[in-house]
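Dumping the structure here so I can ask a few things about it.
Labels A, B, C and D are assigned to the chains in the order they are written; within every chain, residues are numbered from 1.
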(Lines give C-alpha, C1' and ligand atoms only; values in the text may rest on other atoms or scores of the structure.)
Protein backbone atom coordinates (compact mmCIF):
# COMPACT_ATOMS: atom_id res chain seq x y z
CA UNK A 1 0.00 0.00 0.00
CA UNK A 2 1.83 3.08 -1.28
CA UNK A 3 0.88 5.59 1.39
CA UNK A 4 2.16 7.50 4.39
CA UNK A 5 0.30 7.37 7.67
CA UNK A 6 -0.08 10.96 8.94
CA UNK A 7 -1.18 11.44 12.55
CA UNK A 8 -2.35 14.54 14.40
CA UNK A 9 -2.27 14.91 18.17
CA UNK A 10 -4.05 17.05 20.76
CA UNK A 11 -4.90 20.58 19.55
CA UNK A 12 -3.76 19.70 16.01
CA UNK A 13 -6.23 16.84 15.85
CA UNK A 14 -8.95 19.32 16.79
CA UNK A 15 -7.71 21.85 14.20
CA UNK A 16 -7.55 19.29 11.39
CA UNK A 17 -10.73 17.53 12.45
CA UNK A 18 -9.15 14.08 12.23
CA UNK A 19 -6.64 12.02 14.09
CA UNK A 20 -5.00 10.46 11.11
CA UNK A 21 -5.11 10.07 7.37
CA UNK A 22 -3.43 8.16 4.56
CA UNK A 23 -1.46 10.18 2.05
CA UNK A 24 -0.69 8.24 -1.13
CA UNK A 25 2.85 8.74 -2.38
CA UNK A 26 4.69 7.70 -5.48
CA UNK A 27 7.02 4.76 -5.09
CA UNK A 28 10.16 6.84 -4.68
CA UNK A 29 8.65 8.90 -1.84
CA UNK A 30 8.91 12.62 -1.06
CA UNK A 31 10.51 15.09 1.33
CA UNK A 32 8.77 16.18 4.53
CA UNK A 33 8.66 19.70 3.01
CA UNK A 34 6.67 18.33 0.08
CA UNK A 35 4.27 16.53 2.42
CA UNK A 36 3.58 19.88 4.12
CA UNK A 37 2.68 21.44 0.74
CA UNK A 38 0.46 18.52 -0.03
CA UNK A 39 -1.36 18.80 3.32
CA UNK A 40 -1.83 22.56 2.87
CA UNK A 41 -3.40 21.88 -0.49
CA UNK A 42 -5.61 19.16 0.93
CA UNK A 43 -6.82 20.97 4.08
CA UNK A 44 -6.54 24.66 3.19
CA UNK A 45 -6.58 27.10 6.09
CA UNK A 46 -6.88 24.39 8.74
CA UNK A 47 -3.43 23.14 7.78
CA UNK A 48 -1.98 26.47 8.90
CA UNK A 49 -2.03 25.04 12.43
CA UNK A 50 0.67 22.56 11.34
CA UNK A 51 3.11 25.46 10.94
CA UNK A 52 2.23 27.15 14.25
CA UNK A 53 5.11 28.01 16.62
CA UNK A 54 6.29 25.05 18.63
CA UNK A 55 4.72 22.36 16.43
CA UNK A 56 7.16 19.54 15.83
CA UNK A 57 7.11 16.63 13.44
CA UNK A 58 8.02 13.06 14.25
CA UNK A 59 8.95 10.60 11.55
CA UNK A 60 8.52 7.00 12.67
CA UNK A 61 8.25 8.27 16.26
CA UNK A 62 11.52 10.23 16.27
CA UNK A 63 11.60 14.03 16.16
CA UNK A 64 12.59 15.47 12.78
CA UNK A 65 15.01 18.35 13.19
CA UNK A 66 14.25 19.84 9.75
CA UNK A 67 11.90 19.47 6.77
CA UNK A 68 14.57 17.51 4.92
CA UNK A 69 13.78 13.90 5.83
CA UNK A 70 12.83 11.73 2.90
CA UNK A 71 9.58 9.87 3.43
CA UNK A 72 8.77 6.55 1.84
CA UNK A 73 5.54 4.57 1.72
CA UNK A 74 4.79 2.97 5.08
CA UNK A 75 6.39 5.78 7.08
CA UNK A 76 4.45 7.26 9.98
CA UNK A 77 4.53 11.05 10.20
CA UNK A 78 3.07 12.78 13.26
CA UNK A 79 2.41 16.46 13.92
CA UNK A 80 2.83 17.27 17.61
CA UNK A 81 1.87 20.50 19.38
CA UNK A 82 4.14 21.71 22.24
CA UNK A 83 4.13 19.04 24.93
CA UNK A 84 2.65 19.64 28.38
CA UNK A 85 3.44 16.55 30.44
CA UNK A 86 4.72 16.15 33.95
CA UNK B 1 18.34 23.33 95.89
CA UNK B 2 20.87 26.01 94.98
CA UNK B 3 22.50 24.37 91.97
CA UNK B 4 22.74 24.44 88.20
CA UNK B 5 22.19 21.27 86.20
CA UNK B 6 25.03 20.97 83.69
CA UNK B 7 24.63 18.45 80.87
CA UNK B 8 27.13 17.08 78.34
CA UNK B 9 26.14 15.50 75.05
CA UNK B 10 27.75 13.15 72.56
CA UNK B 11 31.55 13.54 72.26
CA UNK B 12 31.58 15.99 75.18
CA UNK B 13 29.97 13.41 77.45
CA UNK B 14 32.76 11.02 76.48
CA UNK B 15 35.41 13.71 77.08
CA UNK B 16 34.05 14.70 80.49
CA UNK B 17 33.26 11.14 81.50
CA UNK B 18 29.77 12.07 82.67
CA UNK B 19 26.45 13.06 81.18
CA UNK B 20 25.54 15.59 83.81
CA UNK B 21 26.48 17.15 87.11
CA UNK B 22 25.19 19.56 89.70
CA UNK B 23 27.12 22.78 90.19
CA UNK B 24 26.22 24.60 93.42
CA UNK B 25 25.87 28.35 93.00
CA UNK B 26 25.36 31.21 95.42
CA UNK B 27 21.83 32.56 95.59
CA UNK B 28 22.43 35.46 93.21
CA UNK B 29 23.82 33.18 90.48
CA UNK B 30 26.72 33.68 88.09
CA UNK B 31 27.54 34.39 84.44
CA UNK B 32 28.05 31.59 81.91
CA UNK B 33 31.69 32.79 81.63
CA UNK B 34 32.14 32.15 85.34
CA UNK B 35 30.61 28.68 85.05
CA UNK B 36 33.20 27.86 82.39
CA UNK B 37 36.02 28.87 84.77
CA UNK B 38 34.48 26.79 87.50
CA UNK B 39 34.22 23.73 85.24
CA UNK B 40 37.83 24.14 84.07
CA UNK B 41 38.91 24.19 87.70
CA UNK B 42 36.81 21.15 88.51
CA UNK B 43 37.75 18.96 85.52
CA UNK B 44 41.19 20.21 84.50
CA UNK B 45 42.36 19.25 81.01
CA UNK B 46 39.19 17.34 80.16
CA UNK B 47 37.23 20.59 80.32
CA UNK B 48 39.28 21.90 77.40
CA UNK B 49 36.86 20.02 75.15
CA UNK B 50 34.15 22.46 76.22
CA UNK B 51 35.98 25.28 74.42
CA UNK B 52 36.66 23.28 71.23
CA UNK B 53 35.64 24.85 67.92
CA UNK B 54 31.96 24.50 67.18
CA UNK B 55 30.88 23.67 70.73
CA UNK B 56 27.76 25.61 71.67
CA UNK B 57 26.03 26.17 74.98
CA UNK B 58 22.30 25.99 75.57
CA UNK B 59 20.74 27.62 78.60
CA UNK B 60 17.35 26.14 79.41
CA UNK B 61 17.34 24.48 75.98
CA UNK B 62 17.95 27.65 73.98
CA UNK B 63 21.30 28.42 72.34
CA UNK B 64 23.37 31.05 74.15
CA UNK B 65 24.91 33.47 71.67
CA UNK B 66 27.64 34.61 74.08
CA UNK B 67 29.12 33.86 77.51
CA UNK B 68 27.09 36.72 79.01
CA UNK B 69 23.90 34.99 80.14
CA UNK B 70 23.30 35.14 83.87
CA UNK B 71 22.60 31.76 85.37
CA UNK B 72 20.51 31.22 88.47
CA UNK B 73 19.92 28.09 90.56
CA UNK B 74 17.63 25.67 88.79
CA UNK B 75 18.87 26.61 85.31
CA UNK B 76 19.87 23.85 82.92
CA UNK B 77 23.10 24.44 81.02
CA UNK B 78 24.09 22.07 78.21
CA UNK B 79 27.33 21.79 76.26
CA UNK B 80 26.68 20.64 72.71
CA UNK B 81 29.22 19.51 70.10
CA UNK B 82 28.57 20.40 66.45
CA UNK B 83 25.31 18.74 65.43
CA UNK B 84 25.19 15.97 62.81
CA UNK B 85 21.51 15.24 62.24
CA UNK B 86 19.54 14.69 59.08
CA UNK C 1 21.44 1.20 36.58
CA UNK C 2 18.32 0.71 34.47
CA UNK C 3 15.53 3.21 35.18
CA UNK C 4 12.07 1.78 35.85
CA UNK C 5 9.55 3.48 33.54
CA UNK C 6 5.78 3.12 33.43
CA UNK C 7 3.30 5.00 31.25
CA UNK C 8 -0.37 4.07 31.49
CA UNK C 9 -3.79 4.82 32.92
CA UNK C 10 -3.25 2.92 36.21
CA UNK C 11 -2.81 4.86 39.44
CA UNK C 12 0.38 4.38 41.44
CA UNK C 13 1.19 3.98 45.11
CA UNK C 14 4.13 5.99 46.43
CA UNK C 15 4.74 3.56 49.31
CA UNK C 16 4.85 0.52 47.01
CA UNK C 17 7.03 2.30 44.45
CA UNK C 18 9.43 3.34 47.22
CA UNK C 19 9.61 -0.22 48.58
CA UNK C 20 10.35 -1.54 45.08
CA UNK C 21 13.04 1.12 44.57
CA UNK C 22 14.66 0.24 47.91
CA UNK C 23 14.79 -3.41 46.88
CA UNK C 24 16.75 -2.35 43.79
CA UNK C 25 18.96 0.04 45.79
CA UNK C 26 19.12 -1.30 49.36
CA UNK C 27 22.34 0.54 50.20
CA UNK C 28 21.34 4.00 48.95
CA UNK C 29 21.60 6.65 51.64
CA UNK C 30 19.18 9.07 50.01
CA UNK C 31 15.88 8.86 48.15
CA UNK C 32 14.18 11.94 46.73
CA UNK C 33 10.63 11.65 45.45
CA UNK C 34 8.05 13.76 43.71
CA UNK C 35 4.33 13.29 43.15
CA UNK C 36 2.38 15.62 40.88
CA UNK C 37 -1.40 15.76 41.20
CA UNK C 38 -4.31 17.38 39.37
CA UNK C 39 -5.09 20.76 40.89
CA UNK C 40 -8.73 21.78 41.23
CA UNK C 41 -7.87 25.23 39.97
CA UNK C 42 -5.63 26.24 37.07
CA UNK C 43 -4.85 29.40 35.10
CA UNK C 44 -8.04 28.69 33.18
CA UNK C 45 -10.32 28.42 36.24
CA UNK C 46 -11.90 25.45 38.00
CA UNK C 47 -10.96 22.00 36.72
CA UNK C 48 -13.34 19.04 36.71
CA UNK C 49 -11.37 16.69 34.52
CA UNK C 50 -7.81 16.60 33.25
CA UNK C 51 -7.24 14.52 30.14
CA UNK C 52 -3.75 13.31 29.40
CA UNK C 53 -3.12 12.34 25.81
CA UNK C 54 0.00 10.55 24.65
CA UNK C 55 1.57 8.99 21.56
CA UNK C 56 1.95 5.31 22.41
CA UNK C 57 5.48 4.19 21.69
CA UNK C 58 7.01 7.60 21.22
CA UNK C 59 5.85 8.77 24.66
CA UNK C 60 7.43 5.83 26.48
CA UNK C 61 10.65 6.44 24.59
CA UNK C 62 10.65 10.16 25.44
CA UNK C 63 10.23 9.37 29.16
CA UNK C 64 13.00 6.78 29.01
CA UNK C 65 15.30 9.34 27.36
CA UNK C 66 14.72 11.81 30.20
CA UNK C 67 15.42 9.10 32.77
CA UNK C 68 18.55 7.94 30.94
CA UNK C 69 19.85 11.50 30.78
CA UNK C 70 19.39 11.84 34.56
CA UNK C 71 21.25 8.56 35.06
CA UNK C 72 24.12 9.89 32.94
CA UNK C 73 24.33 13.14 34.91
CA UNK C 74 24.17 11.78 38.46
CA UNK C 75 25.45 8.64 40.19
CA UNK C 76 22.05 7.07 40.82
CA UNK C 77 21.46 3.69 42.43
CA UNK C 78 17.88 3.53 41.13
CA UNK C 79 15.36 5.69 39.34
CA UNK C 80 11.60 5.23 38.87
CA UNK C 81 9.34 7.32 36.66
CA UNK C 82 5.59 6.71 36.40
CA UNK C 83 3.35 8.90 34.25
CA UNK C 84 -0.38 8.41 33.89
CA UNK C 85 -2.52 8.98 30.82
CA UNK C 86 -6.26 9.25 30.28
CA UNK C 87 -8.99 11.04 32.25
CA UNK C 88 -8.11 12.19 35.76
CA UNK C 89 -10.20 14.03 38.32
CA UNK C 90 -9.12 16.78 40.74
CA UNK C 91 -6.47 15.68 43.27
CA UNK C 92 -5.71 12.50 41.32
CA UNK C 93 -2.08 11.55 40.96
CA UNK C 94 -0.41 12.23 37.59
CA UNK C 95 3.30 11.66 37.85
CA UNK C 96 5.79 10.00 40.19
CA UNK C 97 9.57 10.27 40.28
CA UNK C 98 11.84 8.46 42.73
CA UNK C 99 15.63 8.83 42.67
CA UNK C 100 18.03 6.91 44.92
CA UNK C 101 21.67 7.84 45.42
CA UNK C 102 24.41 7.69 48.02
CA UNK C 103 23.93 11.37 48.87
CA UNK C 104 20.98 13.71 49.01
CA UNK C 105 22.34 16.29 46.55
CA UNK C 106 22.32 13.84 43.63
CA UNK C 107 18.93 12.39 44.60
CA UNK C 108 17.28 15.82 44.81
CA UNK C 109 18.95 17.12 41.65
CA UNK C 110 18.01 14.05 39.63
CA UNK C 111 14.35 14.03 40.76
CA UNK C 112 13.97 17.70 39.98
CA UNK C 113 15.77 17.38 36.65
CA UNK C 114 13.45 14.55 35.60
CA UNK C 115 10.38 16.64 36.46
CA UNK C 116 11.72 19.71 34.63
CA UNK C 117 12.55 17.66 31.55
CA UNK C 118 9.28 15.69 31.61
CA UNK C 119 7.47 19.03 31.45
CA UNK C 120 9.24 20.10 28.27
CA UNK C 121 10.43 16.91 26.56
CA UNK C 122 8.08 14.07 27.37
CA UNK C 123 5.37 13.54 24.77
CA UNK C 124 2.13 14.23 26.63
CA UNK C 125 -0.64 16.78 26.16
CA UNK C 126 -3.01 17.97 28.84
CA UNK C 127 -6.58 19.14 28.28
CA UNK C 128 -8.68 20.61 31.07
CA UNK C 129 -12.44 20.52 31.34
CA UNK C 130 -14.32 22.83 33.69
CA UNK C 131 -17.47 24.94 33.90
CA UNK C 132 -15.88 27.30 31.35
CA UNK C 133 -15.51 24.54 28.77
CA UNK C 134 -12.40 22.71 27.70
CA UNK C 135 -8.98 23.85 26.60
CA UNK C 136 -5.59 22.44 25.80
CA UNK C 137 -3.08 23.55 28.38
CA UNK C 138 -0.30 25.67 26.94
CA UNK C 139 3.30 25.04 27.83
CA UNK C 140 4.59 27.38 30.56
CA UNK C 141 7.53 29.71 29.97
CA UNK C 142 8.69 28.94 33.52
CA UNK C 143 8.90 25.22 32.66
CA UNK C 144 11.09 25.98 29.66
CA UNK C 145 13.28 28.24 31.78
CA UNK C 146 13.66 25.51 34.40
CA UNK C 147 14.67 22.95 31.77
CA UNK C 148 17.04 25.40 30.07
CA UNK C 149 18.78 26.06 33.40
CA UNK C 150 19.84 22.39 33.51
CA UNK C 151 21.11 22.59 29.95
CA UNK C 152 23.16 25.68 30.78
CA UNK C 153 24.60 23.96 33.85
CA UNK C 154 25.47 20.79 31.94
CA UNK C 155 29.15 21.60 31.91
CA UNK C 156 29.48 22.02 35.66
CA UNK C 157 26.97 19.32 36.54
CA UNK C 158 27.91 17.54 39.77
CA UNK C 159 30.07 14.47 39.18
CA UNK C 160 29.81 12.88 42.57
CA UNK D 1 -0.19 25.66 57.98
CA UNK D 2 1.19 23.80 60.99
CA UNK D 3 4.10 21.45 60.22
CA UNK D 4 3.79 17.89 61.49
CA UNK D 5 6.91 16.99 63.49
CA UNK D 6 7.92 13.68 65.02
CA UNK D 7 11.16 12.80 66.81
CA UNK D 8 11.50 9.33 68.28
CA UNK D 9 12.85 5.81 67.92
CA UNK D 10 9.89 4.49 65.89
CA UNK D 11 10.35 3.73 62.19
CA UNK D 12 8.16 5.56 59.68
CA UNK D 13 6.30 4.54 56.54
CA UNK D 14 6.61 6.86 53.54
CA UNK D 15 3.30 5.69 52.06
CA UNK D 16 1.38 6.32 55.28
CA UNK D 17 3.06 9.68 55.86
CA UNK D 18 2.21 10.70 52.30
CA UNK D 19 -1.43 9.65 52.71
CA UNK D 20 -1.66 11.66 55.94
CA UNK D 21 -0.08 14.68 54.26
CA UNK D 22 -2.52 14.46 51.35
CA UNK D 23 -5.41 14.44 53.81
CA UNK D 24 -4.12 17.73 55.22
CA UNK D 25 -3.45 19.17 51.74
CA UNK D 26 -5.88 17.48 49.34
CA UNK D 27 -5.65 20.23 46.72
CA UNK D 28 -1.85 20.49 46.54
CA UNK D 29 -0.52 19.95 43.02
CA UNK D 30 2.98 18.96 44.10
CA UNK D 31 4.56 16.87 46.85
CA UNK D 32 8.32 16.53 47.20
CA UNK D 33 9.70 13.94 49.59
CA UNK D 34 13.02 12.82 50.96
CA UNK D 35 14.06 9.73 52.89
CA UNK D 36 17.53 9.42 54.39
CA UNK D 37 18.85 5.99 55.35
CA UNK D 38 21.87 4.54 57.11
CA UNK D 39 24.58 3.75 54.62
CA UNK D 40 26.58 0.55 55.12
CA UNK D 41 29.76 2.43 54.32
CA UNK D 42 30.88 5.87 55.50
CA UNK D 43 34.04 7.98 55.43
CA UNK D 44 35.14 5.92 58.43
CA UNK D 45 34.63 2.51 56.78
CA UNK D 46 31.98 -0.16 57.20
CA UNK D 47 29.07 0.67 59.50
CA UNK D 48 27.29 -1.92 61.65
CA UNK D 49 25.30 0.42 63.85
CA UNK D 50 24.45 4.10 63.74
CA UNK D 51 23.48 5.65 67.03
CA UNK D 52 21.48 8.85 67.00
CA UNK D 53 21.61 10.86 70.19
CA UNK D 54 19.35 13.81 70.89
CA UNK D 55 18.51 16.32 73.60
CA UNK D 56 14.85 15.69 74.42
CA UNK D 57 12.90 18.90 74.31
CA UNK D 58 15.52 21.03 72.65
CA UNK D 59 15.79 18.65 69.68
CA UNK D 60 12.06 18.72 68.96
CA UNK D 61 12.15 22.51 69.16
CA UNK D 62 15.12 22.73 66.79
CA UNK D 63 13.34 20.57 64.21
CA UNK D 64 10.16 22.64 64.56
CA UNK D 65 12.17 25.81 63.99
CA UNK D 66 13.59 24.45 60.73
CA UNK D 67 10.09 23.45 59.60
CA UNK D 68 8.63 26.82 60.56
CA UNK D 69 11.37 28.63 58.66
CA UNK D 70 10.54 26.58 55.52
CA UNK D 71 6.86 27.44 55.96
CA UNK D 72 7.77 31.12 56.15
CA UNK D 73 9.87 30.97 52.98
CA UNK D 74 7.55 29.00 50.73
CA UNK D 75 3.77 28.80 50.29
CA UNK D 76 3.34 25.27 51.62
CA UNK D 77 0.03 23.47 52.02
CA UNK D 78 1.55 20.90 54.37
CA UNK D 79 4.92 19.84 55.73
CA UNK D 80 5.95 16.68 57.59
CA UNK D 81 9.31 16.04 59.25
CA UNK D 82 10.14 12.77 61.00
CA UNK D 83 13.54 12.14 62.56
CA UNK D 84 14.50 8.96 64.34
CA UNK D 85 16.78 8.56 67.36
CA UNK D 86 18.47 5.57 68.97
CA UNK D 87 20.29 2.59 67.46
CA UNK D 88 19.83 1.97 63.74
CA UNK D 89 21.28 -0.72 61.48
CA UNK D 90 22.51 -0.40 57.88
CA UNK D 91 19.79 0.60 55.39
CA UNK D 92 17.40 1.61 58.19
CA UNK D 93 15.46 4.82 57.65
CA UNK D 94 16.63 7.91 59.58
CA UNK D 95 14.78 10.95 58.36
CA UNK D 96 11.68 11.79 56.34
CA UNK D 97 10.61 15.12 54.85
CA UNK D 98 7.40 15.70 52.87
CA UNK D 99 6.47 19.12 51.48
CA UNK D 100 3.19 19.88 49.68
CA UNK D 101 2.60 23.01 47.63
CA UNK D 102 0.65 24.21 44.60
CA UNK D 103 3.76 24.02 42.40
CA UNK D 104 6.77 21.77 42.23
CA UNK D 105 9.39 24.51 42.64
CA UNK D 106 8.23 25.38 46.17
CA UNK D 107 7.79 21.73 47.15
CA UNK D 108 11.31 20.77 45.99
CA UNK D 109 12.93 23.87 47.47
CA UNK D 110 11.24 23.44 50.84
CA UNK D 111 12.09 19.74 51.15
CA UNK D 112 15.70 20.36 50.27
CA UNK D 113 15.93 23.39 52.55
CA UNK D 114 14.60 21.35 55.47
CA UNK D 115 17.20 18.62 54.86
CA UNK D 116 20.06 21.14 54.54
CA UNK D 117 18.99 22.91 57.73
CA UNK D 118 18.38 19.69 59.66
CA UNK D 119 21.98 18.73 58.91
CA UNK D 120 23.38 21.90 60.46
CA UNK D 121 20.74 23.17 62.91
CA UNK D 122 18.78 20.28 64.31
CA UNK D 123 20.12 18.96 67.61
CA UNK D 124 21.21 15.39 66.88
CA UNK D 125 24.54 13.63 67.04
CA UNK D 126 25.50 10.53 65.12
CA UNK D 127 27.92 7.85 66.26
CA UNK D 128 28.98 5.00 64.02
CA UNK D 129 30.09 1.57 65.12
CA UNK D 130 31.93 -0.77 62.78
CA UNK D 131 34.79 -3.28 62.73
CA UNK D 132 37.21 -0.34 63.24
CA UNK D 133 35.52 0.69 66.49
CA UNK D 134 33.23 3.58 67.14
CA UNK D 135 33.44 7.27 66.36
CA UNK D 136 31.33 10.39 66.51
CA UNK D 137 30.57 11.61 63.02
CA UNK D 138 31.97 15.04 62.28
CA UNK D 139 29.88 17.69 60.62
CA UNK D 140 30.58 17.98 56.88
CA UNK D 141 31.80 21.22 55.34
CA UNK D 142 29.55 20.52 52.35
CA UNK D 143 26.51 20.46 54.66
CA UNK D 144 27.44 23.86 56.05
CA UNK D 145 27.97 25.21 52.55
CA UNK D 146 24.55 23.90 51.48
CA UNK D 147 22.85 25.55 54.46
CA UNK D 148 24.77 28.80 53.94
CA UNK D 149 23.62 28.96 50.32
CA UNK D 150 20.01 29.23 51.53
CA UNK D 151 20.97 31.98 53.96
CA UNK D 152 22.68 33.93 51.16
CA UNK D 153 19.64 33.52 48.95
CA UNK D 154 17.23 34.60 51.69
CA UNK D 155 16.67 38.00 50.13
CA UNK D 156 15.65 36.67 46.76
CA UNK D 157 13.86 33.63 48.10
CA UNK D 158 10.88 32.73 45.95
CA UNK D 159 7.69 34.39 47.15
CA UNK D 160 5.16 32.37 45.18
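Convention: a contact is a pair of C-beta atoms (placed from the backbone, for glycine too) under 8 Å apart; a residue touches a chain by one contact, two chains touch by 3 or more.
Just so it is clear, the model here is predicted, and its values are computed rather than measured.
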Interchain contact steps from subunit A to subunit D (minimum; 1 if touching): 2
Inter-centroid spacing, subunit C versus subunit A (mean Cα positions, whole Å): 28
Averaged-CA centre spacing for the pair subunit C and subunit B, given as whole angstrom: 50
Separation of mean Cα positions, subunit D and subunit C [Å, integer]: 22
Sequence positions of subunit B contacting 2 or more other chains: none
Residues of subunit D engaged with two or more neighbouring chains: 36, 115
Which chain pairs touch, all of them: A-C, B-D, C-D
Interfacial residue positions of subunit C with respect to subunit D in the complex: 13-16, 18, 22, 26-41, 90-91, 102, 104-105, 107-108, 111-112, 115, 142, 146
Subunit C to subunit A touching residues, read off their complex: 36, 52-53, 55, 57-58, 61, 83, 94-95, 115, 118-127, 136-139, 143
Subunit D-facing residues of subunit B, complex: 7, 9-11, 14, 54, 58, 61-62, 78, 80-86
